[in-house]
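Shown next, in structure tokens, is the structure this report addresses.
In order of appearance the chains are A, B, C, D, E and F, and numbering begins at 1 in each one.
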Amino acid sequence: MIDTFLSNLSSPPLLFFFLGALAVAARSDLEIPNQIAKFLSLYLLFAIGFKGGVALAVAPFDTQIVLTLGAAMVLSAVVPLYTFMFLRNRIPIADAAAIAATYGSVSAVTFVTATSYLDVSGISWGGHMVAAMALMESPAIIVGLLLYRKYALTDGDDDDSFSWSQLLREACLNGSIFLIVGSLIIGWITGPAGMSQISSFIQDLFLGVLCLFLLDMGIVAARRIKDLRNAGSKAMSILITMALVLPLLNAMLGLGIASALDLDEGDALLLIVLAASASYIAVPAAMRLVLPQANPGSYLPMSLAITFPLNILVGIPLYHALVRWTL
Amino acid sequence: MKQCTRIEIVVEQSVSGQVIDLLHKVGAPGYTLIPDIRGEGDRGTRRGDELAGDSSNCLFIIACDDDTIIESLKAGLRPLLSRSGGVCLLSAAEWLRH
Amino acid sequence: MIDTFLSNLSSPPLLFFFLGALAVAARSDLEIPNQIAKFLSLYLLFAIGFKGGVALAVAPFDTQIVLTLGAAMVLSAVVPLYTFMFLRNRIPIADAAAIAATYGSVSAVTFVTATSYLDVSGISWGGHMVAAMALMESPAIIVGLLLYRKYALTDGDDDDSFSWSQLLREACLNGSIFLIVGSLIIGWITGPAGMSQISSFIQDLFLGVLCLFLLDMGIVAARRIKDLRNAGSKAMSILITMALVLPLLNAMLGLGIASALDLDEGDALLLIVLAASASYIAVPAAMRLVLPQANPGSYLPMSLAITFPLNILVGIPLYHALVRWTL
Amino acid sequence: MKQCTRIEIVVEQSVSGQVIDLLHKVGAPGYTLIPDIRGEGDRGTRRGDELAGDSSNCLFIIACDDDTIIESLKAGLRPLLSRSGGVCLLSAAEWLRH
Amino acid sequence: MKQCTRIEIVVEQSVSGQVIDLLHKVGAPGYTLIPDIRGEGDRGTRRGDELAGDSSNCLFIIACDDDTIIESLKAGLRPLLSRSGGVCLLSAAEWLRH
Amino acid sequence: MIDTFLSNLSSPPLLFFFLGALAVAARSDLEIPNQIAKFLSLYLLFAIGFKGGVALAVAPFDTQIVLTLGAAMVLSAVVPLYTFMFLRNRIPIADAAAIAATYGSVSAVTFVTATSYLDVSGISWGGHMVAAMALMESPAIIVGLLLYRKYALTDGDDDDSFSWSQLLREACLNGSIFLIVGSLIIGWITGPAGMSQISSFIQDLFLGVLCLFLLDMGIVAARRIKDLRNAGSKAMSILITMALVLPLLNAMLGLGIASALDLDEGDALLLIVLAASASYIAVPAAMRLVLPQANPGSYLPMSLAITFPLNILVGIPLYHALVRWTL
């Protein structure tokens, strides 16, 4: 198992993540321009969505797939419930709701890193897991906001600005969700014929782009750690602990579901990674619009500076070992 | 040359659409918009690093010589500023008419 | 023929165009950063120019090629004439001149989409068609402006700001024209040896980049449709009709020339597509400087939101069917 | 600290070269230029989406304490603004000399 | 509405970190930062073309109603401006409080 | 030898450099967006660093390599000495120091162009030359500043703002140096296994990206030539002469060391190119912070508009001919 860890840690993408973090620690001015970072991320969503869609086209839906997708959505709605319940008397209630949504939702880059971990290890995984990821992005946002409205608004204020249509739009039509779902559907429509047209672009470049993207993630995650240090309040220790414990807890839940559904090795690992990961793009974007009362200084450093590195550095090989051991 | 008020508004990028709608509603004669900028205020630092969940700001500049429009703009902005943060500055300027 | 339509509509690039349009319709915030969009466009011009140049290097000029190039330029100068004559008493004269220039000139992305349509269908086409495209960009701009000056300036005003050198610079040295011509010449100089050095970059990635670029085009075209709705004047119905009729009319002219010159299937289709397409980069950029009186709100939505989708979605397979049927 | 005039000019990106030439010609002491921004005015919306044929705006800020220069700048700007649109605002400011 | 001073600072991009540190030190209530812009002054043209070794400028806007803070900001800026160039303009404005 | 020149001049990357310069001369508005240019440069540093690291992993350090690295560093510290001594009474002393640092340091793009020249010619070169390049970036910056402090500050002013830690950070942790060193180390850790994961991204695209990057370099270099013309002072003729003579002089020094160390053909050429090249990214960035008294209008046009084109157009084949003739 130590072996798996070390080989994970010495894969180029993860080493570039370290390099980015090191750049911040060493106060280098290394930086990926922001439009480029955005483009690399669009590329990854486009490629993984398309790949998943093509895979779905050749191995169509069966009961197990439908059950997996259903379980994924339930997972994404349940995680916020217990997260919120635990936090709501400990930190401001808007922050508790935003953190709940953050951990119920998923991180596409963590997922993508796990798929490339599987690809490099030669373990197969199903294209429907991309659909599972897409389905897990939104429910947590809605649950998080409903929890906030139920528990915070007994005094009735602020209610006028709420709009279901805005909530649903922010939850489901965020650019990154839209692109991954769209690419999935297009991949599914065009199938292997479509893939043959763009596979050099989508497959051959994938790991190289992932390296550059994780370099950027290393930079931004390390900056967030600095932010965390600046904040340094009492609540911070709760938040840090949660950011370390929640992914492991949620991974266990994912593992339970995976073994209940008797998933294959690859799909099981991906479901666990989805459960364990926390959002740092779609959820914050939605929260800023539908729950501006929540402080991004609490939920963002948790997901980006702690949970994200934890998952990609230690989590993926650890969850993999657990899958091997359990299934 | 004509006296006018120069209005400068900094808000989060994601509400820029709401500000534009407001400007249309109150009948502002035009605006200039600088997107994707940074800032720091009561609600923390906005580094404009969207992939890290960080938001950007944007800056509107509006030259306006009609006080009714200015008043309705101010009235429309207040709730927006108190909900999502930002600043609005007004000053006197001369407008070179072409 | 229905088959050709459907297979065209289900090619990945076109599906991504739809996805972009859908994003706007659904009010998603999906967006390609503007520097990235510019880069994707530079890449396409660079790649198609280089490819055309290399093709020219191996199959050098003959009489038919020279005739084709000449006919292309004439086409680009004639189309503005009848377009302007039809419009000049119906809409402001500056707008009529700008629209004339727009439809006389060409759209490189429509051309590129047609070449990839041919490549995927396994139909060959000649590198000199890239040269034809480059030659068709400028004449319409000059003709459009001369028409405006002849018919609008009887009262002599505004004349002082006119400068032939500025006009020629804007018409011929626009960045996109310059890049495609330059890449063509470089491809022609370096030939297959040069191609072997950069073919992975230029050929293998082409369709993938085209997908992302058409995603962006779908977004901007759909925004323009919204703009059109806002305008909603009487003149608008003329403009919309023109935007639907002109490409078909110009395509017929292109078809006539193609059969007169007895062009091959691929080259004939490309000439027709060039005739039918309308500019939305080079011409608007030139018009803003040499004819700022024209309202971009009239000529841009026509070419971008109506003629462009019409050509790539319906036009290409339709013109192809006509070519098959005629030649 | 020194009294000066703060001049702010918004024009279409494609004429920024002409404004820079003008600034050199009238002898402006310097300028700051914010390129590729957006705006809306009498000539429609400029979304800065060049690939859609849309143009961008740019914004010049000039601090100047010489009235002759300011006058020739204004004179030079007028035809440019009436041809291609835009706004020019002037206001009083204090300049922190280094 | 509240009277305040609008402070506008243009410096080279590479010293923006030093300005932010200064703003924190003097206790400025916030700032807005427009990064990567261009300009020309006594120290030549800054085209923002980093790969050509060219530097960019950046522009800070600070609304402040506390004179002590303004004075210490000015004092802190002077050496920075004389070392690396730039301009700082101050003017009066009204601040719309949310 | 004329042959080598011509075949160098007709390689796609160099032709795109000309095209960029021509765009400026013709007053075309062709432009690469600045974030894109930055990204292309990051890509080149990432790719060349990684490639060098992988090469090091398979052919580990020996005495000759250690000697080469040592000689490279010494070269980079010695060149500023005589450059400064020659200039210090002829132009402002801060400018002399900055020019000295500029010519002691290196240009990564010149190096990269030389490696692709070798690759295309089928001549092998050692991965440790990438390390040599990285080691040559910083010493010149430090030597340049020390020279300035020794000769300029007899009157003691300005001294308070000096900080060794800032100097070292600027000299050694500049983003581009950091990325190349980091990629080198990661390539060295992951070795051929890592390379196999990302080789399509790193190797296949390399020359295509280099074409687009040199297109941009052609544009910015030509703009600088215009700047030079504007300046037109007496000192300018000294600077132009230096910009032409220094690279040749430094190349001779490099050639001497290469033959003393008995380097292979490829490594010898790369060492000479490093000696002959001048920095236009790392050094100017550092100088602006540690020596703002120096006028970028003097050292930048020298390295960018004269020395850089001289090296890539004429220098590389010339140095190659010398290597062949000497070794």
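Keep in mind that, in the parts below, a contact is a pair of C-beta atoms (placed from the backbone, for glycine too) under 8 Å apart; a residue touches a chain by one contact, two chains touch by 3 or more.
Because the structure is a prediction, the values reported are computed rather than measured.
S.K.: Touching both chain A and chain B: give me those chains, sorted by label.
M.R.: none
S.K.: Hey, how far apart are chain B and chain F in touch steps, shortest way?
M.R.: 2
S.K.: Under the document's definition of touching, what chains do chain D and chain F have as common neighbours?
M.R.: C, E
S.K.: Quote the value, from 0 to 180 degrees and to the nearest 5, of the angle by which the CA atoms of chain B must be rotated to coincide with those of chain E.
M.R.: The rotation relating chain B to chain E comes to 120 degrees.
S.K.: For chain B, which other chain has the most distant CA centre?
M.R.: Centre of mass proxy via C-alpha means gives F as farthest from chain B.
S.K.: Where centres are the averaged C-alpha coordinates, which chain has the largest centre distance to chain A?
M.R.: So the farthest one, by centre of C-alpha atoms, is D.
S.K.: I'd like the Å distance between the centres of chain C and chain D, where a centre is the mean of that chain's Cα atoms.
M.R.: 34
S.K.: Could you tell me the distance, in whole angstrom, between the mean C-alpha positions of chain C and chain F?
M.R.: Here the centre of chain F sits 41 Å away from the centre of chain C.
S.K.: Averaged over CA atoms, how far is the centre of chain C from the centre of chain E? Could you give it in whole Å?
M.R.: Taking the mean C-alpha position of each chain, the two centres sit 45 Å apart.
S.K.: Residues touching two or more other chains, restricted to chain B: which are they?
M.R.: 34, 85, 91
S.K.: At least two other chains touched by the same residue of chain A: list those residues.
M.R.: Residues 34-36, 38, 200, 204-205, 285.
S.K.: Let me know each pair of chains that touch one another.
M.R.: Every pair of chains in contact is listed here: A-B, A-C, A-F, B-D, B-E, C-D, C-F, D-E, E-F.
S.K.: If you look only at chain A, which of its residues touch chain B in the complex?
M.R.: For chain A paired with chain B, touching residues are 34, 37-38, 41, 161, 216-217, 220-221, 223-224, 227, 280-281, 283-285, 288-289, 292, 295-297, 300, 303-304.
S.K.: Show which residues of chain B lie in contact with chain D when the two form their complex.
M.R.: Per the stated touch rule, the residues are 1, 4, 6, 20, 23, 29-35, 61, 63, 91-96, 98.
S.K.: Can you tell me which positions in chain F touch chain A when the two form their complex?
M.R.: These residues of chain F touch chain A: 35-36, 38-39, 42-43, 46, 50, 169, 173-175, 178-179, 182-183, 186, 189-190, 194, 197-198, 200-202, 204-205, 285.
S.K.: Quick one: in the complex, what on chain B touches chain E?
M.R.: Residues in contact with chain E: 8, 10, 34, 37-42, 57, 59, 74, 77-78, 81-82, 85-91.
S.K.: Contact residues on chain C for chain A in the complex?
M.R.: Against chain A, chain C makes touches at 10-12, 15-16, 19, 22-23, 26-36, 120, 200, 204-205, 207-209, 211-212.
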